[in-house]
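Heads up, there are several structures right after this.
In the two complexes that follow, chain A is the common piece, with chain B as its partner first and chain C second.
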Partner chain A sequence: MGRKLLLEHINVPGINTFQVYKEKGGYRAVEKALKTMSSDDVVEEVKKSGLRGRGGAGFPTGMKWSFLAKPEGVPRYLVCNADESEPGTFKDRYLMTHIPHALIEGMIIGSYALGANTSYIYVRGEMMPQIRILEKAIAEAKAAGYLGKNILGSGYDLEIYVQPGGGAYICGEETALLESLEGKRGNPRIKPPFPAIAGLYGCPTVVNNVESIAATVPIVNEGGEEYAKIGIGRSTGTKLISASGNINQPGVYEIELGLSVEDFIYSDEYCGGIANGKRLKAVVAGGSSVPILPANLILNLANGDKRLMSYESLSEGGFATGTMLGSGGFVVLDEDQCIVRNTWNFSRFYHHESCGQCSPCREGTGWMEKVLHRIEYGHGKMSDIDLLVDVSKKIEGNTICPLGDAAAWPVASAIRHFRDEFEWHVKEPKLALERNYGLAHYADPLKIAEEV
Partner chain B sequence: MSDKIKVTIDGIPVEVEPGTSILNAARQIGGDIVPPAMCYYSKLEGSGGKCRTCLVKVSKGSEKDPRPMPKLVASCRTTVMDGMEVQNITSPEVIEARKGVVEMLLINHPLDCPICDQAGECHLQDLSYEHGAATTRYEFDRRTFDRVDIGDKIQLHMNRCILCYRCVFTADQITNNRVHGVLGRGDHAEISTYIEKAIDNDFSGNVIDVCPVGALTDKTFRFKNRVWFTKPVEAHRDCPTCSGKVTLWYKGEEVLRVTARKDVYGEVEDFICNTCRFDKKSTNDWVIEGPRQVSRQSVINANHYDTLQPLPVIKKNPELMEANKEQFERATKF
Partner chain C sequence: MLRVEEVQSVEFSSALISKFDEIVSRYPEGRSKSALLPILHEVQAVYGWLSSAAMDKVAEYLNIQPIEVYEVATFYTMFFLKPQGKYVLEVCRTGPCCLVGAEKIMDYIGEKLGIKEGEVTADGLFSYRGVECLAACGYAPVLQIGPEYTFYENLTPESVDQLIEGLKNK
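Entry: the complex of A and B
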C-alpha cells in the first residue's frame, strides 16, 4: 500500500467542506507557514522536497519559485493552471471536485512563499461545476479568516480569484494562459521574457499546475526532506495518475513515484489488469502528447529491467525506446485497439486545438490529420507513412510553444513502434476496415542487446 | 549608448547595439545571409516570431555561456548576446527547417499568382522561389474563403493570407481604432472584421503595404496592370496628415497606384494616409523626385531598358569607376 498524501481523506464524507477538511488536519500547513516560517523558508522547503511540476514538463517547482524576479514596488502573481484539457488526463478535475480546499490551502502557501497578494486559479471553462466548488471553498476559507486581509494575524493579505477559461487547449500553455487571463486572444507569447520576469500584466508571475500547488501542503506539514524520502531518485513524492482505457478499474490513483509500470497496470490496488481478459498492446503513459509505447517497451526498459513510474525511468532510452511521465494521463490500449485510429484521433485533436499563430503547427497539424484519416479509411499510400514522419519532423522544435511538439510526438512514435500496422492498413485497406491488426508481436519479449 | 557587442553570423563578424535582434544584426551585414522574414516588420512593435521562416541556429550562446541553444530560434525575436555565433545559410539544419516552413506556408496558399495583384512584389513568391520545392506533397483540398470587401478601397482575399498578423499590428499601432482581427484558430483562423464592418480610417490603406502576400489588395489598382509593366517614381506632396513621401507607379502618363516607399526588405519608410494613396492619382498632385531604385534582381526591373553597359574606358579610371559603381555592378551581374 503506497502512501497517500493528497488523497488520504478522499473517502471521508463532506471532505469538500471547510469544516470536515479542517477536522482532518487541513489548514495546518497554512498556520505553520504563516506563523513560524518566513516566505524564503517555504521556498527552501519546497526546493528540498525536490517536487517537480506535475503539469507535464516536470520542472522543479522550488527552482521555478526561486527564479521569480522580485523588483520593488511591482506586484507578483501566483497563477494556478487548472486548464486541464489533455486527452487522458483528469486528475486536477478530480482533486478540485473532491478536495477543493487542498488547492486553496496550497494557493495560500504558494502565494505567501512568493509574496503574491493576488492569485488566480485559471479553470478550464468547461469545468463549470468545479468553478462553483472552488468559489464556494474560497468563500468558506475567507469566512474562516484564511483569506482576505491580515490572515491569522500575520499581516499577510491575499485574495484568490477563479477565472473560467474560454475553451481552448492552448490556454493550458502558461503564456497563452496569461494572455487569456489578461482578456486577450490566447496565443502563446514568444519567450524570453519568461513569466518569472514579465508574466501577468507584465509583472513577475509563477504558473503552477493544480497538483504541484496542492503538493506543497504535505511538504510544509512534514518538511521537505521527509517528502523527498518518498519516491525514487529525482522523482520525489507522490503523483496522481489518471488511468483510463481498457483496464478493469479506471480512475485517479495516487502512487509513490517509483512503482513499477507492471504493478500499476496489473495489481488490484490500482488498474486491476486489462479488462475482459484481453492482452496489453500499448500504453500512452502521460497524456496524449507523449510518445506511445508498445507493451514490451512500456513494461521493460531496453536493457530488460522493469520500467518504473518515474520521470527518469519512463523517459529512459530517449525517444527511441522511451516516453515521458507528462501530466500522468495513463491510457491503456488492449489488443483490440487500432493504433492508426488512435493516432488519427489524437492528431484530430491537435489540429482542432492549434492556435494558428505559427505556420508549421497551423498547417502541419491539419496535414497530418488528413493523411492519417486517409490511411485509417483505406485510401492510404505507402509513401504516406514516410510523409507523416517527415511532416512531424518539420513541426517538432520549430514552433513557439510545445503544442507543435505535442502534435508531432504521438505520430512520430506511433510510426516508429507500430510501422507494420500502418503498412498493413495501406496494403490491406479492405481488411483494415473490417477488423483490427491485433496484438501481433508488440508484447513479445525484447531482444536484449548483449553487452560487449 | 553602452558598448557595442560583437556577433558572428555565418562567419561574418558584426558589431551592434545591445538589444538588437539577430535578424537586424544580419541586416546590418546584408546580402545572402539575411534570414527571410514574412511576419516581422521593424516598424511594428511586437511583430515577428510567427512565420518561422527566419529560424537560425545559435551555435554559441554568448561569450559567458558558450552553450549552443537547443532548438532553432526565430532570429527576429531573439536578441544578440556578446560573442554569439549564429549559423544561417551555413547550417543544413536551418535550410531544411526553412524548406519545411515554406512548404507548410504553401499548402493552403492558392498559388493563383497569375491572377494575383501582388505577383512580382510578393514575399511568399520570392521565398518559395528561393527556398521551396518545385512540387507539393499536399494532396488535399485547400481551405477556401469568400472574398470580402473591407471598406470601399480594400479587398480581403483570405485564401492567400499567411496569418502574419502584420495588418493587425498596423491597425493597433498607427490607427486609433482597430476593427479587424484574427477569428478562429488553427488553420481555420481568419482575418476578419467580425460582422463585415468596413475599415474606415485615414491610415487604413497601410495594411495593403504591410501585407506580405496578396491577401489585402488595393481595389483602385486591382487587375489594372502587372507591377512589372509599371514604373516606380519617387514623389512627394505637402500632405497635412502624413509625410507625403510616396512611390508613384506609372504606366505611360497615368499614375496607376500610389504606395509608400519600401526598402529592400519590403518595409515602408513612412506610413502614408489614404488621401495620398487613393485620391491623388494625377501627376499634377505630386512633386516628382526621380525614378525609384529597385533591386536589380526584382522582376519590377524586367522591362526597363535603361541599363547600358558602362564604357570600357571607365574601367581604367578609378574616379569614373567610383562614379559609375552601381552601373558597373549591374554589368558584372550578367
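Entry: the complex of A and C
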C-alpha cells in the first residue's frame, strides 16, 4: 500500500465538515505556518518538497511561487484553478466533494506564503454542487477563526471567494482563467508578461491547481524534505490519478509516484484490470491532450524496462515512444475500442473548445475533426492520413496557448502508433462501419525499438 | 450566433438584486465586472435562459455596455440564449464517456423524449443536449441537470427511464 497524504481520511464519515477534518489533524499546517514560519519559510519548504504542478504542466510549484513580483503597495493574488475540464480528469472534483477543507487549508497556506489577502477559487460552472460545498467550508473555517481578519492572532488577513466559470475548457489555461475571472471571454493572453508579474487585475498573481494547493498541507506538516523522500527522482510525493474507461474499478487513486503502470492497471488496489475479461489495447495516460500509447509501449519502455507512473518515465522516449503524466487522467481502452473513433471524438472536443483567437487552432481543429469524421464514416482517402499529420504539425507550436498543441498531439500520436488501423478504415470502409479493427499487434512485446 | 427571442421587459426581484450586491462585494473597488459570470448564472437560474432584455438589465446593473454581456454570454456554453425545457438533460459526449456507451444513452434519451438534440418537448418539460467532458469520467456515462447541476452517474436505459419519470411526477 502506498502512502496517502491527501486521501488518508477519505472514508471517515463527516470528513467534509470542519469539525471532523480538524479532529483528524486538519488545520495543523495553518497553525504551524502562521505561528512558527515566515512566508519565505513556507515557500522554501515547498521548494524543498520538489512538488510539481499537478494540473498538467508539472512546473515546480515552489519555483513558481518564488517568481512572484512583490512591488510595494500592490495587492498580490493566489488563484486556484479548479476548472477541471481535461477529458479523463476528475480528481479535483473528488477532492473538493469529499475533503473540501484540504483545499481551503492549502489556500490559506499558499496565500500566506505569497502575501495575498484576497484569493479566489475558480471552479468550473458545472460543478455547482462543489461550489456550494466550498462556500460552506469557507464559512466554517471563517467561523472558527481560520479566515478573515487577524487569523489566529497572527496579524494576517485573508478572504477566499469561489468564482464559477461558464463551461469553457480553455479557462483551465491560466491566463484565460484570469480573463474569465475579470468577467470577460476566456481568450488566453500573450505571455510575457507572465501572471507572476501582471495577472489578475494587472497585479502579481499565482495560479495553482487544486491538487497542488492541497499538497502544500502535508508539505508544511511533515517538512519539504520528508515529502521529497516519497516518489522517485524528480517526481516527488503522491499524485491523484483519475482512472476511467474499460477497467474494473474506475475512480480516483492516490499513488506514490514511481508505481509501475502495470501494477496500476492490473492490481486490485487500483484499476483492477481490464473490464469484462478483455485485453488492453491502448492508454491515454495524462488526460486527452497527451499522446496515446499502445499497450506494449505504456507497459514497457522501448528498451523493455517497466514503465512507471512518474513524470520522467511516462515521457521516456519523447513522443516517438513516450507520452506525459499530464493531469493524471488515465483513460484505458480495451480491444473493442476504435482508435479512429476515439481520435475523432477528441478532435471534435478541441474544435468545440478552441477559443478562436489563433487561426491555426480555430481552423485546424475543425479540419482535423472533419477529416477524421470522414475516415471513421467510410469516406476517407489514403492521403487523408498524411493530411492529418500535416495539419497537426501546422497547429503545434503556432498558437498563443497550449490548446493548439493539445489538439495536435492526440491526432499525431494516434497515427504514429495506429496507422494500420487508419489505413484499414480507408481500405475497408464497409467493414469499418460494421466492426472494430481489434487488438492487432499492439499488445505484442516490442521486437526492436526501431520498428516502433 | 446571438439569436434571442424578444422579451419585452425584465425586472429583477429585490432578493436577486441583493444577491448581485453580495457577489459584487467579493471583488476590489472598480472591478465589479468580475461579477458578470456569477450574476448571469443567478439570472439563468431564475428565468431558465438569458433573454436580451435580461442581459441589458445586467449591463445596466454592472454599469457596462450590453455588448460586454452578450460577448460573454455567447462565449460560455452554459448560458442558454433561447428558452429551454424546464429540465435540460446535458449528457457528456466526450471520449471516456463514449468508451462506456454515452452515445447510446444520448440516442435513447432522444427516442424516449421524442425530440432532437436542442428541441423542447411539447409539454415544455424537457430538452437535452450533448456537452463536453464534465470531469466525471470514472462514473460514466453521466448527465447533469441545471440550475443546481445535479449529477446522474453510471447511466443505463433503466436509470434514464427512472430519472425522466421521476422528473415528470415532480
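Assume the second predicted complex is superposed on the first by the 447 of 452 C-alpha atoms of A that agree within 3 Å, B and C clash if a C-alpha of one lies under 4 Å from a C-alpha of the other, contacts with A are read in each partner's own complex, and residues count from 1 in each chain.
The rule is simple: a residue touches a chain if its C-beta (ideal position, glycine included) is under 8 Å from a C-beta of that chain, and two chains touch if they have at least 3 such contacts.
These numbers come from a predicted model, not from an experiment.
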Greater chain A contact set [chain C / chain B]: C
First, second, both or neither for A:26, with chain B first and chain C second: neither
Contacts of A:363 with chain B and chain C, given as first, second, both or neither: first
First, second, both or neither for A:56, with chain B first and chain C second: neither
Which of chain B and chain C A:397 touches, first, second, both or neither: first
Partner chain(s) touched by A:87 [first = chain B, second = chain C, both, neither]: second
Which of chain B and chain C A:185 touches, first, second, both or neither: both
Touched partner set for A:168, first chain B, second chain C, both or neither: both
First (chain B), second (chain C), both or neither touched by A:231: neither
Which of chain B and chain C A:353 touches, first, second, both or neither: both
Chain C-contacting residues of chain A that also contact chain B: 168, 185, 352-353, 355
Complex contacts: residues of chain A adjacent to chain C: 75, 84-90, 92-93, 118, 124-129, 161, 163-169, 180-186, 201, 242-246, 250-252, 284, 288, 329, 331, 333, 337, 341-342, 345-346, 349, 352-353, 355
Residues of chain B defined as touching chain A within the complex: 48-53, 55, 71-72, 74, 77, 97, 100-101, 103-105, 107-108, 137-138, 140, 162-163, 165, 181-182, 184-189
Chain A-touching residues of chain C, taken from the complex the two chains share: 26, 28, 31, 33-38, 40-41, 68, 71-72, 75-79, 93-96, 98-100, 131-140, 144, 146-151
Chain B contact footprint on chain A (complex, rising order): 168, 170, 185, 190, 351-360, 362-367, 370, 387, 393-395, 397-400
